[in-house]
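This is the structure I have questions about; it appears just below.
Each chain carries a letter (A, B, C and D) given by its place in the written order, and its residues are counted from 1.
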Amino acid sequence: MIKIGIVGGTGYTGVELLRILAVHPDAEVKCITSRSEAGMPVADMYPNLRGHFDLAFSEPDSAVLAQCDLVFFATPHGVAMRMVPELMAAGVRVVDLSADFRLKDLDVWAKWYGMPHETPEWAQKAVYGLPEVARDAIRQAQLVANPGCYPTAVQLGFLPLLEQGLVDPSRLIADAKSGASGAGRQRNIGMLHGEIGESFKAYGASGHRHLPEIRQGLSLAATGPVGVTFVPHLVPMIRGIEATLYAELSEPADFDRLQALYEDRYKTEPFVDVMPFGSHPETRSVRGGNQCRMALHRQEQSNVVIVSSVIDNLVKGAAGQAVQNMNIMFGLDETQGLKAPALLP
Amino acid sequence: MIKIGIVGGTGYTGVELLRILAVHPDAEVKCITSRSEAGMPVADMYPNLRGHFDLAFSEPDSAVLAQCDLVFFATPHGVAMRMVPELMAAGVRVVDLSADFRLKDLDVWAKWYGMPHETPEWAQKAVYGLPEVARDAIRQAQLVANPGCYPTAVQLGFLPLLEQGLVDPSRLIADAKSGASGAGRQRNIGMLHGEIGESFKAYGASGHRHLPEIRQGLSLAATGPVGVTFVPHLVPMIRGIEATLYAELSEPADFDRLQALYEDRYKTEPFVDVMPFGSHPETRSVRGGNQCRMALHRQEQSNVVIVSSVIDNLVKGAAGQAVQNMNIMFGLDETQGLKAPALLP
Amino acid sequence: MIKIGIVGGTGYTGVELLRILAVHPDAEVKCITSRSEAGMPVADMYPNLRGHFDLAFSEPDSAVLAQCDLVFFATPHGVAMRMVPELMAAGVRVVDLSADFRLKDLDVWAKWYGMPHETPEWAQKAVYGLPEVARDAIRQAQLVANPGCYPTAVQLGFLPLLEQGLVDPSRLIADAKSGASGAGRQRNIGMLHGEIGESFKAYGASGHRHLPEIRQGLSLAATGPVGVTFVPHLVPMIRGIEATLYAELSEPADFDRLQALYEDRYKTEPFVDVMPFGSHPETRSVRGGNQCRMALHRQEQSNVVIVSSVIDNLVKGAAGQAVQNMNIMFGLDETQGLKAPALLP
Amino acid sequence: MIKIGIVGGTGYTGVELLRILAVHPDAEVKCITSRSEAGMPVADMYPNLRGHFDLAFSEPDSAVLAQCDLVFFATPHGVAMRMVPELMAAGVRVVDLSADFRLKDLDVWAKWYGMPHETPEWAQKAVYGLPEVARDAIRQAQLVANPGCYPTAVQLGFLPLLEQGLVDPSRLIADAKSGASGAGRQRNIGMLHGEIGESFKAYGASGHRHLPEIRQGLSLAATGPVGVTFVPHLVPMIRGIEATLYAELSEPADFDRLQALYEDRYKTEPFVDVMPFGSHPETRSVRGGNQCRMALHRQEQSNVVIVSSVIDNLVKGAAGQAVQNMNIMFGLDETQGLKAPALLP
């Protein structure tokens, strides 16, 4: 049994880790920390966990965490950055679900996250945990930076095109939409049901923290700089991200070949599902599941490739991918604990 | 492996059976029938099942069904009634999720379902499959009538009071609320998102088919006639039932004792969770899970007992309870395939 | 033009007053106060008001309010109580949408609102502003206590039965359901979309502040004490209340006569719509409108009368009823500014 | 009083016309037709209209329609096309909310609507009723083709850029999202609450009927061919469209100047609201109102102009724009009947 610690367990990614780990046969949650809720039984905050966990939230304690095999950080940015060195020294492995170790350019990180990075050496050593790109490195990694939700949906959707150099990398557009759980569980008037129910809007259209992460990942795939416009939107639902991606073919292409390219690129991936050409993936088809489903489209004789890509932001976009990374790191079946179909309807 | 057949698999209870059975270690779905969609791969209709089932819907075929160990009926009323005798003769066991075998008084059945019952002898032999009441009979049964969704939430909430004779059985009120999936997946203008989204209403307030089923179950518990008023309501959500139950204490009672009574009544039940006195169970705490959670309330010095009881109408109210019944019938761990926590948020 | 002041305009009842008054031909909003947002243009907070109001929120200023003809309080409880005497002295009329002047028994008030009442003489002088009961007193009143949202739906639904003494007044049950806007616009994790979307629950089942207000109103109608059980629930929608009411007939009654009684009781009421017997009022049928729609039901030969009553909690349950009261107080057409049909779909 | 006829009144645009006209001081609805519901009182289908209309649906009758001053068609495509010539001959003016007269290229029309156009001469004479572009022509028109919902949001958002030739017209992208009412009120399993609630998806991504209408309008603005990619999406809400538009500046531009350009273009428009640069228009800010609100965005030093544009699909995207057109045609104040603020929250 892998001994698990979770730092910062009161948010939606924390409870989602617990939901998944509750039935994971090879992992056992030893502690879950929360400064604000220390002492409260986990199941009092999250009644779906009644009968599954006797744990209570505890104050973060390095000594306790150091006895874990793996620690997940489900904290706001800035926390993991400070706690990681001690855990690394103790030989503990870490999957950080926050943004602390996602970017390699720490000036960019400092600009978007409003503070200097305090452990730059670990930022460089961290492996960006997108299994479809970096499975081998993840296997060896002591510190994995779990990708952001939007970046997961956007990168998986664009990757085959960029890796093959088929599109103009300077003209990428990602129009993405997310359910409200992406904003976390915080005292935020703007996320009240009365404010966002039965309404739709763009947000962060002039710039969002996930833009540099997306750009970093796409540049690696394209082996060169990319120009990407990324606009997130808020959908009046709880879970799910859909990203509609637009790219311009460098030269006229056979769309059958593009479809084959996508199917081939992901044919061994347990969690990427390329649907038939012209399908419309629904976020509900991945609700609670770790899949990324996608489909390609073309309009009349246009040379614009359209990709629609969906994930559950809390699963493949956060806790599920984190457990997938754990499975890889510990040599388990990569789908362990992640086999159940999505909850539809 | 238990060989499973599902008759009528295109509705929400059908897909829910598949979702649960997809990860059930002891059951294998051999066939799933649909006259209207015969030939269509199941995963084309329900993309959450892509990668889980290669099955296509098939025409109902008695010979094929007769080779199953267990057949689930997820059909409109009137279908199982006609097909059951042949399966019984073939030694197949059946869990009928429709209403065909739930009522013992077939005049009442005929009145509410608008047709005469065609196999009255099987209606009498069928075991009403509420495990918390009839576990032993279910274990032996060849034919189990899976309870309705509202009747499950209402009966479990009232049972301890009636079994102990603590309340006036002539003055029971059940005000119940359900998500839209309870109406099934049918060509029904009244269930369009544009019609029921962002709105709330009572329906069937002058009489609903689940009323006689509730009355039958409560009368058995009370060992005598009961007077129950039952009003269902439609909530703009997909899954979940909440029933708020009102009963008048026959004599002044100690509410601490009532709480203890409930906890005691259900302490060995794997799927009934009595929350602390004064709690407010949320339907999301059982979304996708097979639990029934409930809590007791009292207002000032009133002698009205208030019980709030929640289930997922598609799980404990349909497919989950059906699998629970299957587990009992085949001597498996009763929670097999039903262990995952509910999906919250 | 009636010169209007609004104290506490940042909440949902404040913006709703503005929405209604924006097109009221006889009223002009002169000031709207908010300590926290002083200086912010109203339309910056509520973009639906762009082009309708140039006003900015201002610090509450007695001198400015004293120049108004009418001041609406849309504040948390405890505020109007303290400011009203000065306005009364200045001859200003007040409609208080908060709970400060709704209860006559100030011990009860103090118990439920957690503070002593500071202006008991005004609590006694205030007219409880349910026009269907107290129109003449409202016309003369200087201080009107605008009813709570649940109490409006519940009282209007029960009134004819109690006024005529047809039901057992000791056995009233009101099972009520509200959209999320009823909880106001506050920094409240429990009201996040991620917490309450796609879920349903009871709350305040052991006791809610609207219970004593309901009891007071129903006792007046019954001219004697009543026993009422009131359980509110939270619906994943923004606007709307539905109350399902249960009462036991004192003697067998002709339901045709009950229907006629309701129709007769409300036939001259511009905002109460008694639908045909057996109808199911939908909250969307009153969304944004000032109507209360209701319908009667009976189950089989039961002697329980069932009434389903719907309102928009922000309109007939708050700002609309406040404007209705203003219209009455100033001798205007009672429907002025409230004539538009509800927004359906 | 303008005498109004409505053909095809049972759908969402029909009821929305009634909702608006119910309080329009200069219009009186004389008849509303529906073959399927002839004889049913309008208020029985749409209870929000109880007390507003005594009308019942009637069989379409040319003689009755011929006595109207204006007939609105709220029918599926193919109906108005056949009925218009007779009304034209009778001197009746028509606003057609269907797609019959929107396109000038009737081969394109035939391709997308699956039938030949039967009255091509009227297709040429019809005025495309986007008041912000064709107010003078509308004033004189006998036949107005009311624009589609998406085309309204998309055209208004792109117009200033194209009219001024500031962007590459071959690289326009419109990623649009709509609530469910856009699909109408039809017996459609795919639009059940159980199917689309709590989910998000693209649809028509390989081609949608509104694409040629958008292309036609944008080409006129650009005075030349345009290349536009248009992908619609379905949002789990009832009303509202948001379109996020992407265009590439032909040469580096000053975004302050772009903002001024938009403000200037629409400064006299009563129903177009250009919000401050960097704002995020919410669909709720126009719910039930006739506004189109929009805002501009730029990401870092990108030369992509981003425009977010919102409307209520049933108002500015259908019935409200139709009434705006009526007001123009009959020389009324253009905002008559359309003055109320949107319903927020």
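We take it that contacts are C-beta pairs under 8 Å (C-beta built on N, C-alpha and C of every residue); 3 or more make two chains touch, one makes a residue touch a chain.
No experiment lies behind these values; they were computed from the predicted model shown.
Compared on C-beta pairs in contact, A-D and A-C come out with A-D as the pair having more.
Of all the chains, the one whose CA centre sits at the greatest distance from that of subunit B is D. We define each chain's centre as the mean of its Cα atoms; on that basis subunit A and subunit B are separated by 36 Å.
Mean C-alpha position of subunit A lies 45 Å from that of subunit C. Centres computed as Cα averages put subunit A at a distance of 38 Å from subunit D. Shown for subunit A are the residues in touch with two or more other chains, namely 12, 181, 185, 194-195, 197-198, 236-239, 281-282, 284, 287, 345. Subunit A makes touch with subunit B in their complex at residues 12, 15, 18-19, 22-23, 46-52, 181, 185, 197-198, 238-239, 273, 275, 281-282, 284-289, 291, 293, 314, 339-345. Across the complex, subunit D meets subunit A through its residues 171, 173, 175, 177, 179, 194-195, 197-203, 205-207, 211, 227, 229-231, 233, 235-240, 242, 244, 246, 248, 278, 280-284, 287, 297-300, 302, 304, 306, 308, 310, 345. The touching residues of subunit B, when paired with subunit D in their complex, are 12, 180-181, 183, 185-189, 191-198, 236-238.
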